[in-house]
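By written order: A, B and C. Residues from 1 in each chain.
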Amino acid sequence: MCPEATRSIATKTTQTNRVATPAISAASDALPAGAGQPAAIAVRHCSFGYRDDPPRPALAGVSFEVASGELVAVIGANGTGKSTLLKLIAGLLAPEEGDIAVGGREVRGPDLGVGFVFQEPRLLPWRSSLENVALPLELAGWSRNAREARARDLLRLVGAPDVERLRPHQLSGGTRQRTAIARALALEPAVLLLDEPFSALDALTRERFNVALQSIWRATGTTILLVTHSISEAIFLADRVVVLAGRPGRIVAQVPIRLGRPRTLVDLDASIVSDASAAIRAALEREDLA
Amino acid sequence: MTRRVLRDLLPVVAVATGFVVAWKLLVVIGGYPTFILPPPEVVASRLVAAWRDGTIEPHVATTLTEILLGFLIGSGLALVTGYALARSRLAERLLSPYLVAAQATPILALAPLIALWFGTGLASKVIICSLIVFFPIAVATMVGVRSVDRQLLEVGRVYRATPLQVLTRLEIPGALPLIFGGIRVGATLAVIGAIIGEWAGGESGLGVLINLARGSLFDTPLLFATLLTIAALGVALYWLILLVEHQLVGERG
Amino acid sequence: MGEIAVMPGRTRAALGPMRLRLALGAFVVVQLLVACGPAASGSPRLVASGSAAPPTPLTVGLGYIPSVQFAQFYLAQQAGYYRDGGLQVTFQNKIDPDLVTLVGQGTIDVGISDGTSVIPAVSQGIPVRYVATIYAQFPNVVYAKQASGIKTAGDLRGRKLGTPGKYGSSWIMLQALLSSAGLRPSDLDIELYPDFGQGAALAQGAVDAATGFINNEPVQLELSGTRSTVLRVDQAVPLPGNGLIAGTSAISSKATQLRAFIAATLRAMQEIEADPRKGLDAAIAAVPTLGQDRRTQLAILKATIGTWSSDYTAAHGAGAVDQAAWAKTVTFMASLSDSPISGTPPGVPQLIDTSLLPS
């Protein structure tokens, strides 16, 4: 009678299952995911180049995995193929070599189980916040009432409950990005890809957003792969930091962040943070010298 | 609220008053007889009389029908063609020379031919209106669809939008501000198209009334009253489109 | 003026203002040339001592398309009758509605227009007068193929008749013709041809009868080998046909010149009546394309000449204006339900001025 409702319940069930898995185990050792369960994201020997003139190689032989419920940050300088990596995982680009699997299935194109938050909010300027958040649900055929209710919940979840009726140009940069995150979460994706989502925000707002993102992650149990420029952001959020370097980009280090959860901004002063930070910097600089 | 309305209306009223006063002064100072340039009050009373005695009304009905049908058909075809031009380089290469040639041919010269082929009834006027409306809307649609943000189209891909969903949820709303630019031009051209069509032969319509007033009644005030009616029709149509545009496009910052 | 003259007026209507400007421009140029001419060429007074003053420019408005119907004007120009009258005549081709207004405004000194247009124009305050009759018989007619069996106006009852629209001189003529047989337009099946296609419709048999011009459609029909019947309105209501009109200010300020113009034109008409080929040659000299089909043009000219004279002009002289006929026409037009006359119908003295005719 009401497919959306059935579907909603079904996804909720899977979500509960995911939350039940030990996703928030502090500072997991980050290498391959839990035995028996396929990795949420598995990238194997991936290479990709843009066919511009002259051709622009972007990634060379990249391999790594992200366990279900894990939060992994990808860090690297400009041009090391960070965004390309996310687009490959999202199925927006196809690798030239190697293969990619999400939830154990090979990626052959965009998958509704994968949410994507771009560097820019990319909201439709003619729609209100609520309608923007509801877009994926609308495209998936949800009824108006069901999708509006869900979009309202999501806006509350991302901390932007009062902007339902406002259009993007009436929102602050931060609220726009919150709305974009809410939209990415609309279909309860098992995997959420974030491409430098906070790079346009000022430092203070950014810190607040990192705290908010952490609680969203905890609330939804989604596997998150976050691309960032900022070492402190990577350390604050991630269970593990994948360091990309070179042109084309290669993985030069994977640094586990052994910090308890939930983390607070104060935790950023801990010695473990400076150690991790030093390790990441060393990896980046080694590559620069080479 | 009332003060704001007053403040918005005041300049409009001032300009209109200035226009009428200048017109009256021109008549008085130039000493023009009514059959050359009737004074505003004569035109106004002729306009009222012509509406009261039913002289104008049937002609307005005819012209309005021609405009609306021609506009709907012309803009409908233009939207489809404009989209095809935007999405297919082949379509653009094949069609655009003909479109430009058709646009460059004066409709004034085509109108008698169209009347010859399709008769002097409604059909020929609707065709002329459609033709004149077509080009600006087709071009605006093409440019509009091409200008839709590629980043938004990528969002559509992420959420696996079907081609129809891309069209209805992303391309059309995204192109709408530019399309409406073309529609505004098209609507005013539709009025001109109807009048030209009527001049190429017609039994009724405001264009016919112009010819009657000028050619067999020698009634210059009626000619002016008809021109005013045509202008009012154009303005009303334009406002209507602005209203629809405001509803559909709204503020986008 | 005829059908040919009226038809293109529809399509070119929008060009009116531009043509007006062109005409004004041409007029100014002519005046400048006239003003500068004598000074530039030295001392004409010495050369032409004793002769008349330099010719007065006179702008004459004819129908829209130059045609054999204006042969008398071309002949008078080419034969020098206008020059002999002290005139320097320039022809302007204007469609009828613009022409009446331009004559009233004074841009054109004298023009040719039908009487049924002068009446509504004067009723609207346009200061023009009808000063000389050219078409002593009303040129608008109803015609039919002889095979249709239509012989009188009464035979039109219940038949299909084609006409461009319910306005203008053809419409007035049709109502006058029908009223003479006790009929009204509603007694006929009237088909409107706003594209002036009623002639073609009659030729193809789509209508039984059509309105037209005595010197156009029936002539063409006969030339194509079909016998035609023509119903004329003159016996019923003697409507005033095309004649010369002038503005009231021109009548007072240029009376001598207008009188000379009328006299020269009437003289050319008499010569053409006597020898139509003379008129045809003059028309071809003025409008060379007319020479492509002399047979048709001669037929049109002969039909045109046929309308120049009536019993009234025979009795009162060429160009004479039948005041009684005008009075009847005003009464008739005022009685029509869709009368084009605005307000109180004008009296005959407001419509005509016979002071410029040759005595």
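As a working rule, contacts are C-beta pairs under 8 Å (C-beta built on N, C-alpha and C of every residue); 3 or more make two chains touch, one makes a residue touch a chain.
Since this is a predicted model, take the numbers as computed values, not measurements.
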Chain contact graph, described as a line, ring, star, complete graph or other shape: line
Chain pair with the higher count of C-beta pairs in contact (A-B, B-C): B-C
Rounded Å distance, chain A centre to chain C centre (Cα mean): 88
Length of the line joining the C-alpha centres of chain B and chain C, rounded to whole Å: 39
Interchain centroid distance [CA atoms averaged], chain A/chain B, Å: 51
Touch list for chain C against partner chain B, complex: 9-11, 13-14, 95-97, 100-101, 104-105, 117, 120-121, 123-127, 165, 167-168, 192-196, 340, 342
Chain B-facing residues of chain A, complex: 90, 92, 109-112, 114, 116, 118, 120, 122, 124-127, 135-136, 138-140, 167-170, 187
Of all residues in chain B, those that touch chain A in their complex: 149, 151-152, 154-162, 165, 169-170, 173-174, 176, 249-253
In the complex, chain B residues that touch chain C: 33-36, 108, 111-112, 115-116, 119-120, 196, 199-203, 208, 210-212, 214-220
